[in-house]
Amino acid sequence: MTQAPHEPAIRAVGVRYRFPGSERLTLSVTRFEVASGEHTAIVGPSGCGKTTLLRLIVGVLLPSEGTLTTLGAEPAALTPSSRGRERLRSIGMVFQDFALLDYLSSLDNILLTAKLGGFDGATAKRRANALADRAGIAHTLRRRPDRLSHGERQRVAVCRALVTSPKLIVCDEPTGNLDPARSSEIIDLVLSEARDIDATVVAVTHDHGVLGSFDRTVDLGAIARLEGPGR
Amino acid sequence: MIAYAFRHASRRWARSLLLCACVFVIAALPLVSRSVVSSFERSLRARAATAPLLVGAAGSRFDLVLSALHWRVADIAPTELSVVEEIRAEPGVVAIPVHARFRARGEPIAAVPFEYFEYRRLVPREGRLVAGLGEAVLGATTARRLGLGPGDDLPSDQDRSYDITGPSSVVLRVVGVLAETGTPDDAAVFVDLETAWLLEGIAHGHEAASQVTDPDKLIGRSDERVALSGAVVEHQRVDADNAASFHLHGSRDELPITAIIVIPGSDKASAIVRTRMNADPARQAISPAAVSEELIGSVLRVRRLVDAISVVVGVAMLGLLTLVALLTLRARSDEIRTLREVGASRTQVASLFLFEFLGLAAIGIVAALAAAWAAAGAADRLLLLFT
Amino acid sequence: MTQAMDTSMRNVTILLALLAALLSACERSAPQTRAPIEIEDVVRTTTAPVDWMTRRIAGNLVPVELLCPPGEDPATWRPEPDIVAQYQQARLVIANGAEFETWVIVAPLPRSRVVRTADAITDELLVIPGETHSHGPEGTHTHDLVNGFTWLDPIHAIAQSGAIAQAMQRAFPEHAPAFTANHAELASELRALHERLQRIDLSEVTVVAPERPYGYLARRYAWTTAGPDEFLEESPIDASAPAVLLYPEAPGEETKATLRDTHRTRAVVWHPGAAASDRPYDVVLADNIERLERAIAEASP
């Protein structure tokens, strides 16, 4: 995805999404933009479509209506396999449940996207070690996830998102159930690494204590208009 | 992907083992049964081809073939040695008597005349061939199994342990080991016919009766006869000192053998020998080829049964395999979703599973092949046990 | 995913078939290129008399070897394994038989190539009853002793040489006519010696010979059988008649003198000739006859 200078990293115009076979709108966003290099936090009441928006941004879901451009390209215009390739190449993701593979060591988990994306092994490994060092999990690299603490697993997940030096980092509740002090450590880690590589960050969070670290906070509840029962 | 597949397989070792086992069972049953049967078939046919005619006492023709050609020790009624001369009287006919009634440390003792070694082209790999009473030459497999070589002693097994009047065990002296032949001759202890008669108690060595004075050994003495105690007379071993005292009892013509391998040389001679031998109700002349085909037929029936069982077991194992595979897919659905979301292609995800499955299947198949290979080696032994 | 599973199952099936084919391809193959035991075109004999007969029949057409060394008694000789191996590899083994060579009774020889020449006269064998004894499962039995010196009787020798000739003709059919001719010649020589023995006049002199080894000679020519001890102690059959007593080896001078002075008996050496020596058996036999003839001439009143 090649992005023209000054063009926003993400632009959604009149994007609506409803699950296949369902009439009910899950998300409806008239306009949403994130500037390149900008660190944006997305808040909003549960059920307002935060996660759906993230999945639309990375191209796992495609909008039912409207146009959505990520890093200068429209996922809907790409084939599923090139969408996958683009994700591996340009986007780092931190999942709500970390989604680590329990049979791989921390290091292998971190390197997973690099390997899947065909990045140079030696470079990726150097970067993984450096990241782990900065994240304070260098000593856990040979351990499997079941032998890591909650916080360590979270850091492994963050390192995995960063290992390919992506242009866009998407985080879904990256601080999970952490206490406020640890939450800000994680957010600081993500944001400082993102600054180093000049990456755009979009993070969904309900942890209002960390919002100050972001450039901007968007309340999705305010900009999204949803229809249907209960809303 | 292969590394990931391997990591996953070793992490879920119990499930991997189960998958391997399923594949092993599916593959091993037909492979083993086929390799055993084909090895047995080959052995039977090859052996039968070398012996156009077999003469022995009337009785089981299977026993006769398995005993004379495959060295399965069986309780076969004896045939008299004179029959050999009777058969040899027909011009151009080669007749080789054999005797297989005893074992030494579980291995069959094949008592054969020197002509047998010529006929089978058996040559010593170590040591020499039998040149005297009480000497034994081992087949290659037997030598390996017993760990014996030239110069070692090999006691014959006592076949009537509770009968103190019966012949006692004789210590055979190993003088050679035969080169490997890939035939049943590899698994036998070869001795001369005279040694078999020694084992039978027909030939023996003991002190000259007239010289026995020890009251423990002497039961009675009259002008015509001397009665000796059976417990003390016989030498256990033939050596240079007592070799001269060994002698045969009774007429040579009546000495027992268990079978005669006949190579008639012509169809006419074959027909004459067959007719003459079968005319005596106490004897039978059979064609090992025909009997072997009968044996193969019955073994094939067994194999068909095994095949049927393997199909049932195989279907069950396939079911189990499918179940395990489906459970694995379900258990790993989160992983699949994660991989897809980070951008892994369908092929990448599929290959992760495929490599793991193929690796495990390969291990199962290699194990099955190894089992089949081992079984083929032991085929003769196994089937001699079953038939 | 199911598509992937299908693919893998198909691969497994293909792999199975492939490996099965491989297995049957690399079957345990037996080494078939074994050199057989080499049978030499040579006739090996066990005693000097059969060796002589065999050589006469063979002419120079077939090599004949007597493996029992000179000075060794073929009756009690125990050949070493390498000698037995030489016998085993001979085209023909010619033995006297009649249990004369004790080693031949139990040696692992290829029976189909062994000629026990005395089998030609089975019905005429002399048996010395042995002791009856019992042990083992088959109860009472007797080890009868067969008189193995069959060849001493020239008529038997003719029959034995006939057996040799027959076996030689079978083993070397290309030389059969020569063997037949050679045997005829041999037989006629033996017959001549037989006739010479028949011509010996026994009206004035008694010939006394021990049963072993001379039983066959004694039976053929109506000699008296008695051992020297028997003869000396129990006095001769007819003390008044002069006699000759046969010895396999020359007796001591004292014995000779006693025989001559008190029994009017002459000791005569008749070599059985079983052992190998530098003199062929026919020479030994002719000398025996000559000694006997001379002794009888001297003993005759």
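We call the chains A, B and C, going by the order they appear; numbering starts again at 1 in every chain.
FYI, contacts are C-beta pairs under 8 Å (C-beta built on N, C-alpha and C of every residue); 3 or more make two chains touch, one makes a residue touch a chain.
This one's a predicted model, so the numbers in the text were calculated from it and none came from an experiment.
Think of the whole protein's Cα atoms as having one middle point; the chain whose own Cα middle lies nearest to it is B.
Of all chain pairs, the one joined by the greatest number of contacting C-beta pairs is B-C. Farthest chain from chain C (centres taken as the mean of C-alpha atoms): A. Centroids built from CA atoms put chain C at 40 Å from chain B. One simple way to say how far apart two chains are is to compare their mean CA positions; for chain A and chain B this gives 72 Å. In whole angstrom, the spacing between the mean C-alpha positions of chain A and chain C is 108. Within the complex formed with chain B, the chain C residues making contact are 1, 3-5, 7-8, 11-12, 15-16, 19-20, 23-24, 27-31, 34-37, 39, 76, 78, 81-82, 84-85, 88, 102, 105-113, 131-138, 140-141, 143. Those residues of chain B whose C-beta lies close enough to touch chain A in the complex are 4, 7-8, 11-12, 334-335, 338-346, 348.
Residue ranges of chain B in contact with chain C, taken from their complex: 23, 27, 31, 34-35, 38-39, 42, 46, 84, 88, 94-95, 113-115, 117-118, 121-123, 128-133, 135, 163, 165-167, 175, 179-183, 192-194, 201-204, 206, 208-210, 219, 224-230, 233-234, 240, 243-244, 246-250, 325, 329, 336, 349-351, 353-354, 357-358, 361-362, 365, 369, 372-373, 376-377. Looking at the complex, you find that chain A touches chain B at residues 58, 60, 81, 83-89, 91, 93, 95, 99, 101-104, 108, 112-113, 116-117, 144.
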